[in-house]
Amino acid sequence: MEKYITEFIGTFFLVLVVALTGNAAAIGVVLMVMVFAGGHISGAHYNPAVTLAVLIRGKVSRYDAGIYMIVQIIAAVIAALIAKWYVGDMAVVALDLSSRLLKAFVSELLGTFALAYVVLNVATSKGTTGNSFYGLAIGFTVFAMASTFGSISGGAFNPAVALGATIIDAFAWQNIWIYLVACFGGGFIAALVFNFVNKEDKPVPPLPTA
Amino acid sequence: MEKYITEFIGTFFLVLVVALTGNAAAIGVVLMVMVFAGGHISGAHYNPAVTLAVLIRGKVSRYDAGIYMIVQIIAAVIAALIAKWYVGDMAVVALDLSSRLLKAFVSELLGTFALAYVVLNVATSKGTTGNSFYGLAIGFTVFAMASTFGSISGGAFNPAVALGATIIDAFAWQNIWIYLVACFGGGFIAALVFNFVNKEDKPVPPLPTA
Amino acid sequence: MEKYITEFIGTFFLVLVVALTGNAAAIGVVLMVMVFAGGHISGAHYNPAVTLAVLIRGKVSRYDAGIYMIVQIIAAVIAALIAKWYVGDMAVVALDLSSRLLKAFVSELLGTFALAYVVLNVATSKGTTGNSFYGLAIGFTVFAMASTFGSISGGAFNPAVALGATIIDAFAWQNIWIYLVACFGGGFIAALVFNFVNKEDKPVPPLPTA
Amino acid sequence: MEKYITEFIGTFFLVLVVALTGNAAAIGVVLMVMVFAGGHISGAHYNPAVTLAVLIRGKVSRYDAGIYMIVQIIAAVIAALIAKWYVGDMAVVALDLSSRLLKAFVSELLGTFALAYVVLNVATSKGTTGNSFYGLAIGFTVFAMASTFGSISGGAFNPAVALGATIIDAFAWQNIWIYLVACFGGGFIAALVFNFVNKEDKPVPPLPTA
């Protein structure tokens, strides 16, 4: 239960800052502080694509992974609705990706790959156990990727963030599949690469219900 | 005595930077460095709402909590007066919240909740003992929250900062109750959540006078 | 093999962010997160001049140093080609150094010296073993140096980055020798200085093939 | 000897970045990385006022303190001359403090106090031994103070930096006494406060020649 509350709080503030600021620095920073605050309790995913990567790497149980994703989505919806209450009836024009669908897709794939690759290495690897930089590394990966790909794809790298951005009309509903496929795909590939590169740091089979 | 001097110095520089710059990055950074400098002596609250949260979590005595709050307020007043001396007779127009009282209230509540939640997790929790990121996490929570809510509520998340901002006429006297109620409320809720989520990291009853 | 994949991923994202943003903050940050993610596997050089410095300091084998450099160059080329695909047929005017060749050379020499000096001290020195700041220090050295010298030399401090920048026509082919000579020169001098200053932290002879 | 070279390199890059950028973020960052790189060798003062504070706190010998200050001044002069070579015959108008001498003095005093207070707490205190944040805290104190006081006093907080800024005509020669008196004064007061607040962390008498 503690873990689910932690995932809720972290994802809620992440999506709230995304929706109210759209600012890469603020977004990277709020992710950083929420990872530092919640990492010792839930692992601080706040992102279904990261949860998928950690599941494949064997550091979260299937049961918890499922609950995490549901909680992340609920938190994103609530944060988006609060953001809507804040900004009121502003006419927002959703990001139009029609001229660059493939580029947007590749951007989300690369950005989420980088994010999940960093998470697995700094938060689940034997070689970095006990470090004090995991939140800094994870949060600022989103800053770097959003600075690079934000103008192309919107820079979600997170299906829950993409859902929140779609609810507030910053993203178009017709494009949400891009974020689902590319983000989960990026997390999936990152987990495969991590497991290959860290063979001695053996990925264990998914934990039984914890 | 050492603890009170430390709280004075930290709160003084925090309010001075708030009053002279109003810049979220400078404010987050000065809080970070003062937390790193003073955390090992006083716990580095620099904020009555944080002191309330740490009191409920059982990591400061009632006696010290009272003195901390008094010292924080004195430091904020002195810093605000020095800031006034710096800027001279500039006509400042106090932030007008009349069109968005509820939004401002919720902003201070959410922002202070996030701040106290991060403080309790990174500076008082067993799970993060001995970490080297507590100042970074705490200071940059204020940066993220001020980036998000600054244009709505002014972004104090701290009754002492709100008092300083009111003395220099950046905030209106008639609105100070918002910062008092919302900030202490946010700290209070964060402590309840922390105690619930960290049951095994048992909140001890308030320490006797130390 | 794991090490080479790690060098590939880190250098790839570094050059991609350089090519797509040209922004000193994003560049410093992506280097930081990739160093935090990969340091425990490959040492996280992502830079042939750093690999040369680490070779002289005796912390990478000659064999690995050679492969690292080849992998870094391949990663830079691929990242540059992907960046070209992103931006399309934009007419880019390559940086014209003709009026300030010497200043550009000195800039790259000083900047790469600083970078390699920081790397050797925070990532290979006995005196800083087990620290949690190596990525922060290394990444932000590039930020500081690029902020200082970017307008003079372009701010590569890395032959692989310089190659990538040349492929996307940000740098001119006729100037690439500057980056090769100055960056390797800066790394070389940094290693000599490090070995002199850290005599007791004895540079070992280059490791045999690992 | 190693220590003096380290002080030279750190002060050189600090003053070079100050002189070529005048940018608070770049300055704070270069100080951070040089502190992380050199702290384990020389203590990473790079500032005669910090050396004075560390001398009073008893963590550097009188002999070393003297050499450190001389080396810092030499490094600042050389960096300033190189900066002059870079910018050429630009007409620089030195900061005119005549209308705000007292405010400039207080700014340098407060800023250097904060810097030396942070240095003593994060780099010489028992309570923070072995931390990984000392460079971050020290460098970003300069960022916060320069953001606050830069437009008033120029934001040196360091006699060697002030000398460098005067050589490149950013500061006026007639004002250099302000930086000398206020910076050494701020460092002096910080050391007294530290020694008072950390009585159990006994300041030892100045070390004999090391």
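So that you can tell them apart, the chains are marked A, B, C and D in the order they are listed, and the count of residues begins at 1 in each.
Note that in this section a residue touches a chain if its C-beta (ideal position, glycine included) is under 8 Å from a C-beta of that chain, and two chains touch if they have at least 3 such contacts.
What you see is a predicted model; the values in this text were computed from it and never measured.
Ranking every chain by how far its Cα centroid lies from the centroid of chain A, the top place goes to D.
Both chain A and chain C derive from one sequence, and where they touch, under half of the residue numbers involved are common to the two copies. Averaged Cα coordinates give chain A a centre that lies 40 Å from the centre of chain D.
Mean C-alpha position of chain A lies 29 Å from that of chain B.
Shown for chain D are the residues in touch with two or more other chains, namely 132-133, 136. The touching residues of chain C, when paired with chain D in their complex, are 28, 103, 110, 114, 117-118, 121-122, 125, 127-128, 131-133, 136-138, 140-141, 143-144, 147-149, 152, 193, 196-199. On the side of chain A, the complex with chain B involves touching residues 2, 5-6, 9, 13, 16-17, 20-21, 23, 25-26, 29-30, 32-34, 36-38, 40-41, 86, 132-133, 135-136.
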